[in-house]
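Got some structures for you, see below.
In the two assemblies presented below, chain A is common to both, partnered first by chain B and then by chain C.
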Partner chain A sequence: MQQDMIPPLTHVDATSVDDAVATLQEHGTDAATIAGNTDEINWMKNRMRTPEVLVDLKGIDEMRGIESTSDGGVRIGALTTLSNVVDSDAVNAGFSVIADAAGEIATPQIRNQGTIGGNITQDSRCWYYRNGFDCYRAGGNTCYAITGESRDHAVTDYSRCITAHPSDGAVALMALEAEVVIEGPRGTRREPLSDFFVGPEENITVMNDLAHEEILTHIEVPSTWSGASFYYEKVTDRESWDFPIVNIAAAIQTSGGSVSDVRIVSNGLAPTPKRLRNAESAITGQQITESNAASAAGTVLPNAAPQPDNRFKLGLAENLTERALLGAE
Partner chain B sequence: MSSDGTEADSEPPAPEDGGFDSPSRREVIKGAIGGTLIAANAYLFQNIGEASADTDPEAPGVRERVSNQLKLDVNGRTRFVSVEDQERLAETLRYKLGLTGTKFGCDRAMCGACTVQVDGEPIYSCSYFTRDAVGQEITTVEGLEENGELHPLQESFIENLGGQCAYCTPGMIMSGKSLLEENSDPSREEVKEALSGNLCRCGNYEREIESVLSAAENL
Partner chain C sequence: MSNHDFQYVGQDFEVPDGRAKVTGEAKYADDYLFDNALQAKTVKSPYAHARVRSIDTSAAEQLSSVKAIITHEDVPDSPIGQPILDGEPKTFGYPVAAVAADDEYAAAAAVEAIDVEWEVLDHVVDPVEALKPGAPNPRSNGNVPTGEAAGESAEGQGGGTAAIDTVKWTDADFSGRYPENPGEYTLKWSWGDVSQGFDRADHIVEDVVTAQPIPTNPMEPRSTGAHWQSNGKVKAWVSSQSMSLTHTGLAGMLGVSPQNLTLINNFTGGGFGSKGTSYPQMGVPAYLSKQINRPVKIRGTRKEEFHWGNGRSTLVSKIRIGVDDDGRITALDIESIADSGAYSNSAMSTLSSAYNCILQCYQPETARLRGIGVFTNTPKRWPMRGPGQNQAGLVISQVADMAAEAAGVDPLDLKITNAAQQETDEFDPETAPKTGNERAPLTSAHLGTAYEQAAEAVNYDELRQRSGTREGSKVYGVGTASASHQSGYIGFDGLVAVHTDGTVEVRQGAGNLGTESFAAVARMVAETLDVPWEQVEVSWGRSDKSSFTLGQFSSNTTFTEGLANVKAAETAAQYLRELAAEELGGTAEAYDVSGGMVSHGESGESLTLAEAAQVAVDTGGKYTAEEIPDFYQENLVPLTIAAAQGVMGNSLVAFGKTTGEDLGGFVTSFAGAIAEVSVDVETGKVRVEEMANWNDSGTIVHPDSYHAQIEGGAIQGIGYALSEHYLHDEDTGIPLNTDLYKNKPPSIQDYSETPLQTGGVGEPDPFGPHGAKGVGEPPYGAAAGAVASAVRDAIGVTFHEFPISPSKVLEKIDSGEADI
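Up next is the complex of A and B:
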């Protein structure tokens, strides 16, 4: 039952990052970048995107693999498949929350093909946007989710577009203060993941600040949170596999029985991965007891403005925060 | 159609596959397959036509397109195939190599009917460019039998009624095979996780899980 053949295109295997950047510059918006190619290919099947040139990054060896850095952190090549992240000794040694999150992404087949770079740079899952509606994100002048089905959409920090960020890998990496390394026509730049993601008030058509000719090459996790207590949980509609309704990653450091430092990041609540700062500051300096966790979790989303059909996410976020604080190990 | 012998002379002979009115079910299926092949071929030739009509001297011409042969290792055999840049492994396997055990289901990397192994790892062949498989071992469900003997997983799916309508079965078997190669004694939970990327519209999951578990015992 063949559905949509992909229109003819030219597939270019990039040999190096510089080569890929040069090819992208040469072809401009006629070109698209692919790596694991679990998402872009489906846009092409739907004829929603019709690139003439595909710049394939898979052959760039320098962007693949995981290594421990000299300062005790870990450096993950953006092309590393999610399966390899799950199995990585370097990741599991001090940063197991990344493997926990990666292990819950999609299906075994997609984890074998999809990359960690693709997971954090993935596009919105809003079904209106993905199905050809001329919404704000697609360059139009309305949000269909606000008047329509918004069960999976954001409850806070949105602006006109209410898409929620869907990445599982991003919350774990952001909880560990990971940085991304990006190469482009003007050389290499790096920035914390928290600055990498872009909300609709800043630019409504993108999810992150990666320019068209730029390539995310590496993700660097500092040693800061190595060996801390971690928690990861993903809530989905179906038990087998799905995008998160809400997910949460927490990293907690304790000294003398009380919390010395904590980072809690959640997706499915806002257009970018959402740090739950209120809960973080409420529990810092406290002992983690049931009553302290419950009171810290009571204030997670102070500025939430949910739609009628996703109000349930507020309670979900509170419960998940409480469970993350009590369950981290 | 009447089965009364007295009227049989005036009736067309009963179709071989058991009493359906003509056109027989078999003919309809043959027609559908033929139609699909014609559609697929028309599509491929249309590309060549477009390429030859292209006047840009830098664009790939007919010769390059037609001679775009890849060497694939499919089920232990070396196969040379002309492959378009945008062609996906499931298309090549089904329409060029005739390996129709691999199914198109959703065609969106969600249902798993197209699951094959590339270098021993299960992937969705509907969303995997054929050219990415060059130099790697491709294993499809047709590659499982050896010397006329079915693979224990295939036997087990028959034995345990793992296939109901059986459209998802080739994909289920490939996912199960990938699991058993890494873990010869999986728990029920591990089997569920390994099959999580394969949907079964019949909802026959219990028997599919049972099939993999009992194959693990027999391996």
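Up next is the complex of A and C:
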């Protein structure tokens, strides 16, 4: 407890994705991966995770960088730092909401070190889970937050575990219908980001469907939303490093003055990034006026079941939805 | 302002430790490397309250890398404070055993090889809960410290009496914000007839406000290197904000005479009160080193700061104010519950300091103040920057605004009307504003002026006009608040040496916390001796070169240590005149000390300081401390005389000692702050749009440091009001937000976005060295209170709990309580 010392381990610099996958296969659950290593290091220093082999992905050049694709989309290597995402011309040209979200993550130092892949694959920020409580997510059989301090926890779509997804990058990417590219022992697979995230009902100990011996290598953003109107906002307790109480990303396409297509995704509400489908469908086909926006934002979380200390998130989600619809540009 | 008479006081200068800090040359406790050193780690309790049944160290002893193991049975017990290791750990994370091994990896492995059998005990983390009948006691021998509060000068840094009892409020109704029909209080102050005061009042308001606990969060976690040598002498490299008190405190903790302990502490990365004296992280490596006589280091970790460090006390206050139609406070009645955590009696000091602050800032005509401190199974509540005073600044500002509203006067006018403001230029103990149950006169008080100058800086009338107006989703509000702190003490020592090369050395004894007030002490000596600044050296960082003084806390170094050393400088000047008269003829009184010379006023004959110091060496006796005058022999602390050892006989040596004759009242510094906030009623986000934080600190000695203190204090205070807190899970007693990113103190991005104006009244204090008082603490409480007051002004609802996070704002709006 609180040793602040990583137990002895073998550090392996992976030279390629195949090499990393092979090493993970070889060592099984004794191995863990790091990239920016802004988070895993804390789990290890606290000795809550004690991998014997640490596979360092940082040296894999093929997983780094941002390029525009031939069809007008953008392909982001998972190892690309958040700072590089913020500064990327390709991102800012048609998909600035990603840069807006990435620019509000953590601190300048962490954005220089942390990667976009790490941001979307990050683990729960539940303070019980992270403090070593034997909760559902940690393999136990209770949720301490439900009876304890749950202000920052989910208000909807949870099952036993009420953790809320903390990622800023995920909501922007999901609003743009991004896909993830994953390499594993059986080759390459890809899936929409919306399928990548896993809620507790499906598997309570993970946040996404990345298998142990798989590597998230790229994020691909299709051209679909290029140049659309975007909105990003993150509500936090303080200006310095803070995870969202609730954040929101919106992409809106209009045709003839009316909304032709819209995607609104929010974190801090559910164990996975939450699409606010009610609001999306309510505003589609409508002009964005104050009254239409207010009406569309009326019931964004129809199945919400908040705790007493996070009920405020319901109104906050509605307010942010309205702001997103009215403020997108 | 009377600073214009000074040559050095009031001018900026390069601080003596600045270059080392910015180049990285500065060594903090963990930076020291030792030959043959071992590394220590501790075995900690995983429970909020437990008892050690047994500790099996046999497996760890088998490890070849392990060189020493100690348990709670090997170290002295502590009746109420933190024992070095505790057999009944009363908080999560408190250590019960420690190891020293070849390196930190081995030490961590050894800790995991030690097996502890625990008896888990009941815990309580909420201070109000601790008073409920049937609630468990946080300590096996009670729930309430009942000893006398330590004086404000000690601020719980020691002093006080260790007494523990069980007090339950058996007849109280705990269903409201504050228990109705409360039971016994352990601190009771009153004067005047408060019921008559309420009878005279035209309006009476009442509310309950709770100031939340927070950890101190110094940037440097507490690390220590210790070498207990085989000859019984101990050397320790520590992180402290006090040389003298830490030195004597650690000597006591180790059971060695102070003469056998040398403390090295050149640089400290902050303490905010939590490193005022010795602490267990110093004792662990020392006792391990005692076993093997090799240097042992313990590296303090950030996590440990949250569990094994200290925090600000919770203060739950039920405040009732009576005012007349002019806004004059005719009666003030406050009941409070304060939290000591598990390992101190400082809740008593929290209460007395909080009440002093409120009395100083609001000068009520009658008052009744009652309070009780309780223990909880949470980390030690120990002084944190305005401990009690800044909670007070936060809890009372909104209730004072309610009183202003009831009386129909502007809140700022009410606060100025009641503020401590002396009526005469000279100190007059009869008419001076008063404080405390003893009604001590304040040596100087200009809070009203501070408020007025702050109001001018931010154009208060304009902010008042904008108050309540809405721009999009943002509503504006303006708030006002003050805080104060006792900031000057007597009974301490100074030591000034004039070397034969003409250098003036100030062997002052404050720590080097980072506030630079130790350098201001030397600056004041330069002023007194009128010696070129380039010729002045200030020594710091070693106990064997430090005169005895109070710690670098309680906003007091500038006054306390300044006065003792200015007195030493006055003695040095007198010696120089006597020596010049002896050497050049005439009377001592005919000579002036100025410009680094000792010159005859008429003939112009002179000695340089170097020449005069050589005459001192040639003359000996009292001039070189080879003979110490009776007054100093009787009154100086032996450590001060020991600190002169290196210069006795080879330099002019002058001592200073402050006594009761040097002080005629209660030295108090004030801050008055005005803040404008915007509240986004859709997101709950509060932004401080502007703040002016103006202080009454006497003469300003070093403007750069002065303004830095106000800026830092104000930003920290804003964080206290808006984002920072310490959260324990009630069921398990385990603290949850033990990382900086979860605990949320304000950081650089919060700081840079706040337009902040700082300033000072600058009126000299009649007893302060060159008229100086202190500055460190009041800006914090004034800022916190002003922000709370401004948020209330914006959305028309009183916040009973802090921080005012977006969630708390939205809850007030959702419930319909807010007026938007």
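Rule of thumb we're sticking to: the second predicted complex is superposed on the first by the 326 of 329 C-alpha atoms of A that agree within 3 Å, B and C clash if a C-alpha of one lies under 4 Å from a C-alpha of the other, contacts with A are read in each partner's own complex, and residues count from 1 in each chain.
Just so it is clear, a residue touches a chain if its C-beta (ideal position, glycine included) is under 8 Å from a C-beta of that chain, and two chains touch if they have at least 3 such contacts.
None of the values given here were measured: they were computed from a predicted structure.
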item	value
Touched chain A residues, chain B compared with chain C	C
Contacts of A:Asn37 with chain B and chain C, given as first, second, both or neither	first
Contacts of A:Asn141 with chain B and chain C, given as first, second, both or neither	neither
First (chain B), second (chain C), both or neither touched by A:Lys58	first
Touching partner for A:Trp241 - first (chain B), second (chain C), both, neither	both
Which superposed partner A:Pro8 touches (first chain B, second chain C, both, neither)	both
Partner chain in contact with A:Ser70 - chain B first, chain C second, else both or neither	neither
Touched partner set for A:Asn303, first chain B, second chain C, both or neither	neither
Partner chain in contact with A:Ser291 - chain B first, chain C second, else both or neither	neither
Chain B and chain C footprints on chain A, overlapping residues	1-5, 7-8, 107, 240-241
Of chain C, residues touching chain A in the complex	41, 44, 46, 93, 104-105, 107-109, 111-112, 299, 301-304, 307, 473, 682-685, 719, 722-723, 727, 729-732, 734, 736-738, 740-742, 744, 746-750, 753, 803, 805-807, 810-811, 813-814
Complex interface listing, chain B residues touching chain A	36, 39-40, 43, 47, 50-51, 60, 84-86, 88, 91, 104-105, 107-109, 112, 115, 121-124, 127-129, 131-132, 175, 178, 192-194, 196-197
Of all residues in chain A, those that touch chain B in their complex	1-11, 37-38, 41-42, 44-45, 54, 56, 58, 83, 106-110, 112-113, 240-241
Chain A to chain C touching residues, read off their complex	1-5, 7-8, 46-47, 107, 127-128, 131, 133, 144, 147-149, 151, 233, 235-243, 245, 309-312, 315-316, 319-320, 322-323
